[in-house]
Amino acid sequence: MTHLSVLLAAQARFPAPEFESYTLPEMSLEELASDSVLWRVLVLCVFLVVGSLCFYKWRSRKAMLAYSLAGLAVFGFIFASCPCPVGMFQNIAEGVAAGSYIQPGVLLLFAIPLAVSLFAGRVFCGGACPLGAIQELLHWKSVFVPRPLDRILRLIPVLLLLVFTVCAIFGIGFPLCYLEPYLPVFLLDFATPFAILSAVFLLVGLFISRPFCRYVCPYGVLLRFFSMFSLLKPQITSHECVNCRLCEQGCPNGAVLPPENAETAVQHRTGSRRISLLVACIPFALFAGGLFGYFSAPVLSSFHRDVRLQNELDAGIRSEAVEAFESTKTTHEELRARVVKLQNGVLLASTAAGVLFGALVMAELIAEARRRREEEVYSIDASLCFCCGRCYAACPLERKEKHHEK
Amino acid sequence: MTRRDLIRTGLLAVILAPFAALFRKREETGTGYFWQIDPDKCVQCGKCETECILPLSAVKCVHQYASCGYCLFCSGYYQDKRIEFNTAGENMRCPTDAIIRTYVEDPYFEYKIDEEKCIGCGKCVKGCLAFGNGSLFLQVRRDLCKNCNECRIAKACPADAFVRVPADRPYIYRKPPEVKS
Amino acid sequence: MKNDEMRRTLRFLQWTALTFILTLGLLLAYDMYRSRAPIKQAQDELADLKQQDLADAKLAKTVRDLDYLYRSAYFQTKDKQRRGVLLLGIAFFLLCGLFGAEMFWFAPKLKVPRGTASVPEKERRQLLIFASCGIVVMAVALAVLRIVLVPSEAKKPAQIADAPNTTAEQSGKAKPVQTETIDLLAALEAEKTQWPQFRGSTLPNSNALPASWDFQRKWSSPIELSGNNSPVIWDDLVFLSGGDGKNHAVFCYDANSGELKWKTAAPPAANMPEVTEDTGYAAPTMCADSKRVYAVFATGQVLCLAHDGTLLWHKQLPDPVIMYGYASSPLLMGDKLVVQYDMDEKQTIFALNVFTGETMWQTERESAQSWSSPKAVVADGKGMVFTAGNMCAELFDLETGKRLWSQDCMGGEVAASASVRDGKIFFSNSGAFTGALGVKDGEILFRNDDSPAPDVASAVLFGDQYLLFGSGGTIIAIDAADGHELYEEDLDNGFYASPVTVGGKVVAVDLDGVLYQFEPEEDEIEIRGKFELGKKVVCVPAFHKGNIILRTAENELICLEAKQ
């Protein structure tokens, strides 16, 4: 029996009375005064412009710190962090997959930091992102992650991006919104098990700079890719570099690259050998990735509401969900058909995502094996730079210039 | 124009392309961004009270006066085993005394939800549905809801009653009963 | 100097803020942890109290006071937590500000690193090594994931057998098959002391009769779902099933105390057939063995549960379309559960593996729809199954399902089941057949078409008499040797529940709930005991340690013990 039939049956029972003097009160439900998402977008634009100025024009570490603190206050505590651009790719993926209308605010939140990164790199990460800001500020002593390990760990966000996109497309949920470790702090909701994750990340963040941004954030993957083509490039100093290596020490994010000589003949041979080896590995990597995706598909789909419901039905568990389901008109066949369709879809998508991940890993490895910069001075990898300005502060030439200006 | 510029323009176009969709005519059934409870799907499991990240849930009971029967013995107001129809605590269904009952005219009473006290447990909704017209139902209050991207209650809802609604239609009303002429 | 002082102040403030956050955080966490359970408990307690008799002024007062107390406690706790959490948020922001301030005024001291600059070439080699290690780690993780995942799926045997495989993954997976074997004769022997299926055990039951025929209620328990199946007993557990067309479940009661030990719901049925009230959704009596119990429902679902209530397997038989509703009780013979599945369209007999629910054999019968239960026949250590249905009586080999013989002697609506002794199968059902058949070849040894036969209760063999208990209240005895009527006895009310032979007496319960103990004499039936229960009964009584356990038509399970 559906609620509706109860309702209809009941309506006949108690017809609305006819009053003599009494008039029905209005239902007063507060309408939304304005779309808070659009407000966020507006403030975000202002922040990104100011951030770009601070970083590229004034080239000031202090300005960037103030920018972070402001970002933390506004986006973190006033706007309570959620929804933020970081999680928006899930909404976009879900909306695109379902062919439904995507809120302009959602689309803007997602697109603006990306568009800006094409011109000014990752200023968004620098402080307009509350997650970046809290990590930027709650950092005490830098412990450097060895560069090779850093490169491997940087593949994790790529994997997460693929997995979370699959999850969003098939309506399994928005896992990032759970695993985002600083959300309990911003939402002031410490009563969840995820608060433990917050504590872990905050603790790690005291020593390793920006653990979430570098090794978890899936949105960062997109920003990293887009900022490779950024119009403005951060430059440590406009003066002639004296190779004092202070900026390398100053950057805890591994974005300052040391100078490198032209390769020798031996190095060239080694490099070529490595590349041919890696190229030979590509089919295996694709296959292994596909296999990984194929095997993780049942795990992913088991988080879906319908699959869980089906499992409960099969196991004969009388859960609330089963009871709620039985009060609807949906038949068991419809549910099963839906579940089968979903499981097949997830299997396909997950396998494809696995293959893609395998390809991306190989691409990364080959790119790293091949790269031969012939730089004489320290330079910044724009795709890894979080625009914190530490290198400006570290560079003795810059400091001297600032001093002179005063 | 360098290759890099070309790529940049291309990527910019990719980012901007979806915005073209915004000019498309919006369908009536278009889903929105804001969480809301579909009262017809709700089973009053009580999770709205406990799962919300706010200390007191953003879900509150609302009263659709137009479909209320103004019953003398409201089954949303009085609990099933009550002995007397008075305002004594043991006869109440609401655990927080959030329903205000006022006399209108014989034999009708008006029931109003005191939203300061309502915790969104849905007990009165269940009671009303069981014997009455179903004029009480749960809704996510737009002024209280933080609008989390992933609503905790929605995730826990056994009946899949949480849906996304557009900003211009943020509440889902129950269809008022047809007035017999 | 001033700088140093400022730095010290900053450091101090940072530590203060940190300590504050940690202290407040821990206190809040403790408070939330501590207050959660009591609030819930208080709410439940209050809800319980509100369900009691509020006419009692004292209780009403208690509820009123508690209601106020809990209400204020609830809001106070929430308020306190909200303020605490807000404070924590502010402290967090302050801490961030203090950290920022330190970085703002005091740039970290950077040292020119000692040694040579990092060598990119070396790093590249390391990257490859790390990558290889990473792949190995991933592979191990994958393997672990598989190992963790596989048993968890194997533990979930409740797959609907005829449903399509839900994932591509499941299709390749064989169900774990237990290799335990069950010796048929030993199993039948073990059954004798129990009360494991419809009409007791296959071999003569060795349960004792109550010490006297004057009873008192030892216990009684309500049964949540109705059903016309009779209780079955294994050791101290009473099993029965019930269903209302929406929920179907198996219940287990403690035979000594009557306490409901567990109930296990059947998975939702694929189709819900139409049944009449006389039959219901749970007419087939369950079967039990030393480890498992088996239930069949009118929905065509077969369930196997462990004695602790875990669902071991579940099978959906083809669409159960039959007039009145499906009612044949299953027959348990060793490692096979025999289900006579006579539908309107098609009549099949299934033998299911008791461990897995797999169909071991199935044979189509030459019959029309019937409601009769199969009967075990054991001759020369070989198991056979006798079935009766409209048109034919048939005998099947238990191992292969091969039809051994078929005798075209039946007709009408067949509901009763047979009795077996000394190579003879006795059967009586009104409109069908009353007589005896030879086990060997199905030859009709005798038939009696004159005496009115029962139409619900199955007749019972006692000595050289075959006793027919009619639904009108007539008991007719016919000679087990040649089938001529010996005598007729009229009682007050009719019998739906089949009579059984226990402890050298015949026990039967009539529709009014009068529990009889009979002893047939040469030319009359002697009533040795008569006890009026006063409730309608359609189910066969079960025997347990000198007590009688009965299911009434009003969904009550009653245990009767002899008055001292």
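Note that the chains take the letters A, B and C in the order they are written out, and that residue 1 is the start of every chain.
Everything that follows uses one rule, which is that contacts are C-beta pairs under 8 Å (C-beta built on N, C-alpha and C of every residue); 3 or more make two chains touch, one makes a residue touch a chain.
Computed from a prediction, not measured in an experiment: that's the story for all the values here.
A.B. asks: Taking chains as nodes and touches as edges, what kind of graph is this: line, ring, star, complete or other?
C.D. replies: Here the contact pattern is complete, since every chain touches every other one.
A.B. asks: More C-beta contacts across A-B or across B-C?
C.D. replies: So, comparing the two chain pairs, more contacts are at A-B.
A.B. asks: Report the inter-chain centroid distance for chain A and chain C in whole angstrom, where each centroid is the mean of the CA atoms.
C.D. replies: A distance of 48 Å separates the two centres.
A.B. asks: Between chain A and chain B, what distance separates the C-alpha centroids? Give it in angstrom.
C.D. replies: Spacing between the chain centres: roughly 31 Å.
A.B. asks: So the centre of each chain is just the mean of its C-alpha atoms; given that, what is the distance between chain B and chain C in Å?
C.D. replies: 39
A.B. asks: Would you give the residues of chain C that are in contact with at least 2 other chains, written as numbers and ranges?
C.D. replies: Chain C, residues with two or more chain partners: 85.
A.B. asks: Among the residues of chain A, pick out those that touch two or more other chains and give their numbers.
C.D. replies: In chain A, the residues touching two or more other chains are 189.
A.B. asks: In their complex, what parts of chain C are in touch with chain B?
C.D. replies: 43, 46, 49-55, 59-60, 63-65, 67-68, 70-71, 74-75, 78-79, 81-82, 85
A.B. asks: Under the touch definition given earlier, write down the residues of chain B that touch chain A in their complex.
C.D. replies: So the residues of chain B in touch with chain A come to 4, 7-8, 11-12, 15-16, 18-19, 21-22, 26-27, 30-34, 40-43, 45, 53-54, 62-71, 104-105, 108, 110, 112, 129-134, 139, 141-143, 146-150, 152, 155, 158-160, 166-167, 170-171, 173-174, 177, 179-180.
A.B. asks: Under the stated contact criterion, what part of chain A meets chain C in this complex?
C.D. replies: Those residues of chain A that touch chain C are 61-62, 65-66, 68-69, 72-73, 76-77, 133-134, 137-140, 142, 146-149, 151-152, 155, 185, 188-191, 244-246, 248-250, 258-260, 267, 274, 288, 291-292, 295-299, 301, 310-311, 313-318, 322, 326, 332-333, 336, 339-340, 343-344, 347, 361, 365, 368-369, 393-394.
A.B. asks: Residue numbers of chain C touching chain A in their complex, please.
C.D. replies: 25, 28-29, 32, 85-86, 88-89, 92-93, 95-97, 99-100, 103-104, 107-108, 110-113, 117-118, 120-121, 123-124, 126-131, 134-135, 138-139, 142, 145-146, 149, 156, 158-160, 163-164, 166-169, 246-247, 264-268, 270, 311, 314
A.B. asks: Spell out the residues on chain A that touch chain B in their complex, using ranges where they run on.
C.D. replies: Touching chain B: residues 2-4, 6-7, 10-11, 13-17, 19-22, 24-25, 27, 29-32, 35-37, 80, 82-83, 87-88, 90-92, 98, 100-107, 111, 114-115, 118, 173-174, 177-178, 187, 189, 192, 226, 229-231, 305, 319-321, 323-325, 327-328 of chain A.
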